[in-house]
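One structure follows; several queries about it will come next.
To keep things simple, chains are lettered A, B, C and D as they appear, and every chain counts its residues starting from 1.
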Amino acid sequence: MIVRVQTEPFDLATEVARLYRDKPKVGAVASFLGLVRDSNEGDGVHTLTLEHYPGMTEKSLEGIGREAFARWDLLDATIIHRIGTLHPTEPIVLVAVASGHRGEAFAACEFIMDYLKTRAPFWKKETTPEGERWVDAREHDDIAAGRWAT
Amino acid sequence: MIVRVQTEPFDLATEVARLYRDKPKVGAVASFLGLVRDSNEGDGVHTLTLEHYPGMTEKSLEGIGREAFARWDLLDATIIHRIGTLHPTEPIVLVAVASGHRGEAFAACEFIMDYLKTRAPFWKKETTPEGERWVDAREHDDIAAGRWAT
Amino acid sequence: MKLKILYFARLRERFGLGSEALDAPAGVDDLAGLVAWLRQRGPAWAEELAPDRPYRMALNQEMATPESSLKEGDEVAVFPPVTGG
Amino acid sequence: MKLKILYFARLRERFGLGSEALDAPAGVDDLAGLVAWLRQRGPAWAEELAPDRPYRMALNQEMATPESSLKEGDEVAVFPPVTGG
């Protein structure tokens, strides 16, 4: 399993090929690419800046990957997340999973993305014509938030 | 939407980039690569030869794609299936789907693969140390088979 | 009634036939009738097209059912369950 | 008890603070207690860390709950719900 957090772009073909090249047990590679869009909630997005928690980020991504390996019969996986300032149409995240059969590859790839979206310490800030703003979490998880009431 | 049936290899990076390059509404690309494995049901596989039904194949893949566009809010999709003789670790099929958000891209990509596996007229023949054999369908759909009883 | 029939994969090999132009007799008016008629061609046909075998059929390049009606000039295909992907 | 505290994203900007070394008073022995103590620092702290705000915390780089116990030298992080991917 490869986990990387980086400013630089990544190369999809290289990353996916690494999961199946010379690996004749691999029958399926499911992958997901997340990209910067030019609009969010109606406003134009000029740039997107990703902040993260160095140290915890890598640990959480490795934990997410291990959890996927525990749940499904996987042969390999790659998780790459970019940080810093990105522009519309630029890739943000790649999750690619290799398995013998497609069902496990799909399930694990989607699981890792869902988990990453709610557990990995990344935060997005958008620059729009109206200025800068932090992106709100899509899941307004009031129950979890309420656990912090003291 | 692009649908191709071809003998030649395809280039994953080119195909996926075409789905998001200069398309700033695309936030998610889910893709699936199916590959030749070196074993099946315990026997070694030397080569895999794919036969198809020219004409119907393209129609059925286009129909599968249209069905996915009708079900989910997709921005683009690519379905490429190879025919002829392939070796272990070679890609057989690519399905890639672009959407605004990941849920739709994942669902549509898996839907197209499931549908392709049961509806598109391709047949695999394996060469193993024991000789040639046609690959059996995984789904022994006796109900559908029974409909042919007269 | 003139029909074009195509065979694929294991059925193509077993029948030693990839395609043929047929003139189906009166009374053969749907796929079920066509299959019943093809079964009479000999042991390989009777065996592979027996009611309990998992073959599939397409009519004019669309998946079809035994009830699908035939008309002059139709293209029919008979094949094993598909295994692509 | 000496602790290292990190703030991220909107909270980092609001507090004007990325990280700090703190010496928490006696009685602060879990994350809930730490947050209650931080709220007394001023209006921004009271508002952002109010019980109805959706902030999250990590203890030694693992997601944590209000009941998580603190010990000397722990690294605590306070941040908004994550939005990566």
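We adopt the following convention: a contact is a pair of C-beta atoms (placed from the backbone, for glycine too) under 8 Å apart; a residue touches a chain by one contact, two chains touch by 3 or more.
In this text, all values refer to a predicted model and were calculated from it rather than measured experimentally.
Least step count on the touch graph, subunit A to subunit D: 1. Farthest chain from subunit B, judged by C-alpha centroids: D.
Note: centroid distance subunit C to subunit D, computed from Cα atoms, is 72 Å. Centre-to-centre separation of subunit A and subunit B, using mean CA positions: 25 Å.
Centre to centre, using the average C-alpha position, subunit B and subunit D are separated by 49 Å.
Residues of subunit C in contact with at least two other chains: 85. Residue positions 34, 102, 113 of subunit B each touch two or more of the other chains. Chains that are in contact with each other form these pairs: A-B, A-D, B-C. Within the complex, the subunit A residues that touch subunit B are 11-13, 16-17, 20-39, 88-89, 91, 100, 102, 105-106, 109-110, 113.
Listing the residues of subunit C that touch subunit B in their complex gives 6, 8-10, 12, 32-33, 35-36, 51-58, 61-63, 65-66, 77, 79-85. Looking at the complex, you find that subunit A touches subunit D at residues 34, 50-53, 55-56, 59-60, 81, 92-93, 113, 116-125, 134-142, 144-150.
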